[in-house]
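Each of the next two complexes has chain A plus one more chain, namely chain B in the first and chain C in the second.
And now, the complex of A and B:
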């Protein structure tokens, strides 16, 4: 299954180390391939360093591309994390 | 889209550019990575004229325009300057001809001057444009320099790319980038890999976290960029799969249209990945020097076999007679 979804970084500090490690944690052990695209830069979301190179600030748009068996549940979790601002105030 | 503004801001100093007029035209796009001197087209011959190139005018062009009659001058200038011309550069500190200034002002075409000589300006501008237009890609992997060979280590997450790189660094090899490698096709052609500036010299090791290799092991262990000579893919060992046992066949992978030597390296406990990568890199160097261990051995083997066959034939014919 292949899913593509657009999300917005809503937390004030942007996609810094803590949210990035949270994303990597969600994706650990998943079967699908997950890619984030921000400002035309496409990176592997399972690698924390790749996510950090995006240096996505607040309000930047990220396209999530997931392909694989468990794509649906992954997208759900990721969208929730972005929506809830990674549980940061 | 690449605009004149970007070109100007980036190379203002390298090309010692200063803008004379047409500032509003800085938003004009540069569609082709080319610059040219107008040459024949200035004489009115406009067949096959490519109007998307940056124009560079030097001594010859400026003096030619000056020698023309006033009426013809404007016509010729209008012939070479079009709505698609990205910019005009007057080289060699010349004052631009009035007609050109007037045209550029009117049509918002950026007009620059430079103190560089015409040919210097032309070669530099062409080179810089080519570099900026060259294709590039970001790939997931780790780039290390092993015995002077640029090795791109690829493989799925958590296969041990970073650990292998760390082991290599510890043995005196160099890290270029971990996890994210930007590969660019350079003039030559060859592939150049580098890391994003933000995470330069940083590595993430599971169980430790983010470490700075340059701080830990010193400046000798890192490099900013390196030619990508080969790619090694780390894979989990699969008993059902047949792995290369001889090395006679050479595999290649495609990176930006370039053929890059490619090795698949199965990983399992007990296999020293660092040592194996070192060996592949050394073997690559040996091949570059003209020695191919597998091929050399095969030639020797074939010679021995044919000698034995000759011997057997001789024995047989002796027995018959």
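And now, the complex of A and C:
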């Protein structure tokens, strides 16, 4: 299965260390490939270093591309995390 | 069995005091260069395994650190370490390193550090300073892994036995700030001059410190007993029993005198002729703040906010985290007024953690103090918000570091006003006024004192930097030790000018450099018209005693005399002679 979804970074500090670390945790052990694209730069979301180099600040738009068997549940979790501002608000 | 013979090494005195203890060699914190060499094909798998073992060991370190932090309930710190563990195990990075070792057939250290350098470059291209600073985390984990690859045993300060005498190549401020006066006996280093920040902290904490000693001499000897004489700069190895006895006596005598002085606990001091003098404390962390009360200052004259964060190795803390820290600070002042100097980042206080990506050829003349804050308004605004929120309802003043131009004050004021308005609009603070002060530590600011005094509510003279910039001498350079002196006539004349111009504008001046901590300079400073001193807590009793021995008229005469002198040696001599006379008077009184 292949899913693509657009999300907005809503938390004040952007996709900084803690949210990036949270995303990597969610994705640990998942089978699908997960990519984030921001300002035309595409990175592997399972790599915290790559997520941080995206430097996605508040209000950045990110396209999430997930491909694999568990794509649906992964997208659900990711969208919720972005929506809830990584529980930082 | 014959005892090894006593021998003495002459170094430079950095911080006075005497310690007797056992030697403890601390591996140098300064990065050594990484060698690159080829690996034979048959050893490649072994080399890759070595890399993974280093990763595993680094992870164990971090888990252990987390285990300790859990006791302190520091959520944020735990999360940061979680992120560090993920960085270590980053699947892309580890794979890339493994492949690169195979392809280039080079050793793990060189491959690992070249990959880290690539990440460093990537981060340095990011415009947002917040993300750019994540490089700090990358460098932190990289150092950990490289240490394990080198098979180095990490020594932490908590492993050092009580009373030990630390021998190390060089101390960095974040290290020494965590040293407790009670824990270690003394410090001996190869590099680092008398005016480096590490030296200031050692003196403030009363840790004897001698520099310019060749540490390599000690690498191989099993030396157990050492005496450090911080005053003479002598380090005595294998002391004979007669020497030991002599130094034990000196130690006891010093302790008794200090204890007597400490009983002098009136917060208000006057000269003999009734001129009131205000004494405040310079503090840099919570421990200083706690200890400060024993010496009864009138308040905190200088809170060096950067040290609080140096210990955590980053200033890029969130607003909430900072509010939390300042609240703790405020709670520990027990209601005394406080002057908070905003982050003075840069110069020699700049461990790697702070550095911007552009390495500066002359950091002391570069982007430090207010220059840094104005270039990084997010850092500045976050700190201001946190200070104002935490100090809501208490007497707090804000102090700007390293001002060299009027425009900097005007810009800083704009930012401060807008932050204050923003917080007020949100209902987070009331109508409180935060008086604003300006550090005078660059000659240009001293010359502009009249116009600067119009813009701010008070001035604070930082003599350490003022001497460094006036004389054009690096204060941490041991070769400059004999010349770097606050008694230089140019410095004294400058202080006189600052005091005069501030008085004309009706603005108070505090002196908060090391000069204010030394009883030797007190008569001169009083004579130059200063009556507010801020010094490290343990020097307060000494300064109070010095003030009580002065008459203002005498002090004016001394200042007049000094202002006519042209050489710093002449001035130093005059001041020491005066101090000796006082000491003689005192001892004759004791004998009566």
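Please note the rule applied: the second predicted complex is superposed on the first by the 89 of 89 C-alpha atoms of A that agree within 3 Å, B and C clash if a C-alpha of one lies under 4 Å from a C-alpha of the other, contacts with A are read in each partner's own complex, and residues count from 1 in each chain.
The rule we apply is simple: a contact is a pair of C-beta atoms (placed from the backbone, for glycine too) under 8 Å apart; a residue touches a chain by one contact, two chains touch by 3 or more.
Every value quoted in this text rests on a predicted model; they were computed, and no experiment measured them.
Student: Touching A:58 in the superposition: chain B (first), chain C (second), both, neither?
Tutor: After superposing on A, A:58 lies clear of both chain B and chain C.
Student: Is the number of chain A residues in contact higher for chain B or for chain C?
Tutor: After superposition, C is the partner touching more of chain A.
Student: For A:84 in the superposed arrangement: first (chain B), second (chain C), both or neither?
Tutor: So A:84 meets neither chain B nor chain C here.
Student: For A:8, is the partner it touches chain B (first), chain C (second), both, or none of the two (neither)?
Tutor: Neither partner.
Student: Is A:42 contacted by the first partner chain B, the second partner chain C, both or neither?
Tutor: first
Student: Tell me which partner A:50 touches in the superposition: chain B (first), chain C (second), both or neither.
Tutor: both
Student: For chain A, which residues lie in the overlap of the chain B contacts and the chain C contacts?
Tutor: On chain A, the overlap between the chain B and chain C contacts is residues 17, 44, 46-50, 52-53, 55.
Student: Name, in rising order, each residue of chain C that touches chain A in their complex.
Tutor: For chain C paired with chain A, touching residues are 79-80, 82-83, 86-87, 90-93, 119, 122-123, 126-128, 130-132, 134, 137-138, 318.
Student: Hey, which residues of chain A end up touching chain B in the complex?
Tutor: Against chain B, the touching part of chain A is residues 17, 41-44, 46-50, 52-53, 55.
Student: Quick one: in the complex, what on chain B touches chain A?
Tutor: Going through chain B, the ones touching chain A are 138, 140, 157, 178-180, 196, 198-199, 202-204, 210.
Student: Which residues of chain A touch chain C in their complex?
Tutor: 13-14, 16-18, 20-21, 24-25, 44, 46-50, 52-53, 55, 57
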